[in-house]
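Same chain, two partners: chain A is paired with chain B first, then with chain C.
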Partner chain A sequence: MNRFVEYQIKLFCWISGVVLIGAIGILLAFLFNKGISSLNLSLIFGETRLLDGLLLKTEVVDGLFPAIIGTLLLIITSIIWAIPIGVAAGIYLAEYCNIKWKPVFNLMLDVLAGIPSILVGLFGFAVSVFLHKHLSEHIYPCFLISSLALACLVLPYIIRTTEQSLVNLPFSIKTTGLALGASRLQNILFILIPYNLSRIISGIILAIGRCAEDTAVIMLTGVVAMAGIPNSLLSQYEALPFYIFYISSDYNSQEELMKGFGACIILLSICVFLFALSHILKRRAVMRFTTHT
Partner chain B sequence: MKNIKIRINDLNFFYKKKPVLKGLKGEVEEKAITTIIGPSGVGKTTFLMVLNRLCESIPDCSVEGKVEIKLDGRYIDINSLPLTTLRKKVGIVFQVPNPLPMSIFKNIAFPLKLSGVKDREYIKEKVEQALKDAFLWDEVKARLNDSALELSGGQQQRLCIARAMIMQPEVLLLDEPTSSLDMEAALKITELLKSLKEKCTLIVVSHYTSLTRKISDNVLTLKDGCLEISENSKIVEGLGTVN
Partner chain C sequence: MKPSIEKLAEKGFLFSALLSASITILIFSFMVFFSFPLFKGGDIAAFFTLEWNPCEGGFGIVPMMVGTGIIASLALLIATPFGIGCSALISVFSTGYFGRFLRKVVEFMTGIPTVIYGFIAIFLLVPFIREIFKKGTGMCVLSASIMLALLILPTIILFISDAFNSVPKNYLDAADSLGATPVQKLVYVIIPSAWKGIISALVLAAGRAVGDTLISLMIAGNALQIPRGLSDAARTLTAHIALIIASDYESPEFKSIFVCGLILFFFTTLIILVLRLLGYFKILRNR
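The block that comes next holds the complex of A and B.
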């Protein structure tokens, strides 16, 4: 290749990297500049005393505490629904799926990945209306419907990363267990999954990020502005993304808007915390597989 | 009269409907080293994978014909055996060492774990014995908890042989076990293979005349998809199909 063209491509790649890092830097700087002043305990607990709020002795009505707890619970519950189904579907596609059916499944998966989140929310809402009509009048859009709808939204990430990590393994690794007398299931459970744990968890981390930020799905399926901490799966709840959307579109004072920026920083911190936790779990899982116990 | 461990009759292997192995016929002597030689791409590795049905993991392939293995004095069609049983009886070691990314101890103990063995003392004993059989014990006994990936190429290959031997297979298939190793490591593997033939039947695919000459009791040549019996003496004289 012409050296000039090679240099141009290298320069373009370098600029792309700088633009990406710069954009993230500017975004974070803007966010912290606007929101750092509003970050204090009264933003989270309002007028309620810290210990009373944390121990749930007094309900926090004018702070973000219920929204923080709601967001955390929502992410954890959605991921709990999505992991077994997503990993199992990824294993099925990589190891068991008939070669004739595989393109059909892949097409379905691509369609699911491409569905706008507002449609997933609408589907969740339709499900709650259906259940309200046909199963129980006590069922409304709620935490359960939201978490299930979010799980649907993030399933493609988990399925794809699981499938791709298994498919791309070298033949010699795929057959190591089989050659030693492992059954197909043993080979999957004892070799293929532990071998790919790092990549599978990366898919889960992506899914966590998506669960934390999505607003369209939860808006239609159970989130409200002043619901408090959910006390059952059928309760309505509060969540930070919705609070940010609500406050930024309907703020009454500059102070309220600053609180919105503060909520953004808290949401970002929750994501960073969950990512860090996932990385620690990933390292521990890999260590456990690779060393003698 | 020789004791025959494996009988191969009219064996055909097709990959994407194209024949790779055509009407193979042959016998493999028990408790001896049989070397398969032949030009590159002729299907030597495929032949090994047919013997323990690992070829069934390859998409778009099919096998016809009969392979029988002598177990407890009776010849049994390998297709009638459960896969896991067959693969415990017929172990395989690949060309490139493939230790699992876990400790040396866990690697060797892995087949026992698959078989549901839980007695830790028994596992320790078996691991030690397997490593001694593979001439590896003295080199790794102080670092059994280290990752197997930290071993040298020759040590990794001996670890893979020890791992395959821990289930006491009746037949051990080895696909060019010395091809990715230096002279010294290859020599150790050669000595190891000679010692193992007292315990099981060995079928070795090799490109190297020197290895074939040193270890083989019998030599089979795979050429144009067919199997021919060669004499080891001819290999010695350089008349084999490989250099």
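The block that comes next holds the complex of A and C.
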């Protein structure tokens, strides 16, 4: 290989790196340049007074408050569905499942993890149509359906991180409890899980991040542009990512558009914070793990 | 703990695992259940025609399949050279400050929601593209592919650079002792021994590109036509599913979105099987 070609290859790599950083830099600079001026309390609470809005005394009409609360409630509910099932399934795959069945479970979960989120949304929608026809006329796409569909979406992440955190433990840790006479369940609950808890939590936080950012699932399962704070599991609701999508196609004034930019900054901050937290916890788990072995 | 509790806990764990695995089967069954009348009626061939025109009985989803194919392949075409370049930079050429910074930026990118990419693109990239082509709205195949490339780049870069890093150290030492330059090491040692990782990364990225909804929905223009050029608008399968507003649950329109769903499901399964064949999951699980 002559010097010139080598030089070209190296130059290309540097250019691609610089272009990537430049592209992201430009996108973020544009977002913050447009949106920073709209970041204030009236973006969130509109004309309503801060305390009244927070205590739900008056309904916030022209602010992001209902969308933010909708997203938070959605995250909490989905995670409540997903954590127990995900962690239990992870424990089963790591500790109980026999060799014969494991490939079947793995294939199913890998496909589930790879399914486009719009399909999970379509599934939720189909379930609500099915229930509407066969169970009760009052069931429409709603908060409950959305949270269940989101739980399906994030379940594979939680299962995999739980499984990995248990499987990758050093042999000595796995067997010490058993040698001291602990039962299988005691060994799992009191030794293995606490030992690598931060790894499991990092998976859960990643799942929370996915719930917060996902738009495709909720847009088919009951999110609407104007609904206020949901008052029951069967009502429609607002959410931050859908608000951004809605504004992008349907803004009436420059002011509304600016609110869209503000909403982007808020959502971006939430997601980046969650991903960073997950990353730090995972790294800490790995570090602790390597110092012990 | 009492043996009965042990048994109960084991049953609970098994039940959760079965429940999770059955979701995949459930999703598949629902897609089949809702599109089944079409298969039975024998008019399934009508869906694989070129026309989508519900008023006149045309429900062809071929334009959406072509749209998905073109946008996703173009995104991959744009992202692949950048992806390999950046990974080489991170793992080989710049292991110092800049490489670490680049990796941090890429990790940061994985946390950016897709809807935000779409939102920024509408007000930044789309007007720019409109100026270049001097026609149309700027919502076209090219805009969507560029943003989609940006979206799948982190997947590609993080995975390839991990594959580069896992090349056995004695290979690199051997190359060093023969006096290889970093570029020669990359071209003759690292890329040949990490090719499975590179292919896996690209297959994985293809899956993400096909499955993404928001970017194509927001900036591909959603026109019901087979795009004839980079400046034409197009609609993807995912966007087609997201756009459907059918109140009549028995209509062929409504059922056709489940055919789209089935196609996406099969595509996902295919991707997973290819990744298995390449040993991707083994790499992932040993990390």
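In the analysis below, the second predicted complex is superposed on the first by the 238 of 293 C-alpha atoms of A that agree within 3 Å, B and C clash if a C-alpha of one lies under 4 Å from a C-alpha of the other, contacts with A are read in each partner's own complex, and residues count from 1 in each chain.
In the analysis below, a contact is a pair of C-beta atoms (placed from the backbone, for glycine too) under 8 Å apart; a residue touches a chain by one contact, two chains touch by 3 or more.
Because the structure is predicted, anything quoted here is derived from the model rather than measured.
Trainee: Between chain B and chain C, which one contacts more residues of chain A in the superposed model?
Mentor: Higher number of touched chain A residues: C.
Trainee: State whether A:T176 touches chain B only (first), chain C only (second), both chains, or neither.
Mentor: first
Trainee: Determine, under the contact definition given at the top, whether A:L112 touches first (chain B), second (chain C), both, or neither.
Mentor: So A:L112 only meets chain C here.
Trainee: Give one of first, second, both or neither to describe whether A:L233 is in contact with chain B, with chain C, with both, or with none.
Mentor: neither
Trainee: With both complexes superposed on chain A, which partner does A:L185 reach: first (chain B), second (chain C), both or neither?
Mentor: In the superposition, A:L185 touches chain C alone.
Trainee: A:F130 contacts which: chain B (first), chain C (second), both, neither?
Mentor: In the superposition, A:F130 contacts chain C only.
Trainee: Can A:Y195 be said to touch chain B (first), chain C (second), both, or neither?
Mentor: first
Trainee: Considering only touches as defined above, state whether A:L20 meets chain B (first), chain C (second), both or neither.
Mentor: Touch status of A:L20: second partner only.
Trainee: May I ask you to decide whether A:T215 touches chain B, chain C, both, or neither, giving the answer as first, second, both or neither?
Mentor: So A:T215 only meets chain C here.
Trainee: Under the contact rule defined above, give the chain A residues that sit at the interface with chain B and also at the interface with chain C.
Mentor: 183, 186
Trainee: How about chain A: which of its residues touch chain C in the complex?
Mentor: Within the complex, chain A touches chain C at residues 1, 6, 9-10, 12-17, 19-21, 23-24, 26-27, 30-31, 34, 84-86, 88-89, 91-93, 95-97, 104-112, 114-123, 126-127, 129-130, 133, 152, 155-156, 159, 164, 167, 183-186, 209, 212-213, 215-216, 219-220, 241, 244-245, 247-249, 260-261, 264, 267-268, 271-272, 274-276, 279.
Trainee: Taking the complex as given, what residues does chain A use to touch chain B?
Mentor: Against chain B, chain A makes touches at 99, 171-183, 186, 190-191, 195, 289-292.
Trainee: Using the touch definition up top, name the residues of chain C that touch chain A in the complex.
Mentor: For chain C paired with chain A, touching residues are 1, 5-6, 9-10, 12-17, 19-27, 30-31, 33-34, 81-82, 85-86, 88-90, 93-94, 98, 101-102, 105-120, 122-124, 150, 153, 181-184, 186-187, 207, 210-214, 218, 238, 241-242, 249, 257-258, 261, 264-265, 268-269, 271-272, 275-276, 281, 285.
Trainee: Give every residue of chain B touching chain A within the complex, in rising order.
Mentor: 52, 54, 57, 59, 83-85, 87-88, 91-92, 94, 96, 98, 100-103, 105-106, 110-111, 113-115, 144-145, 147, 163-164, 167
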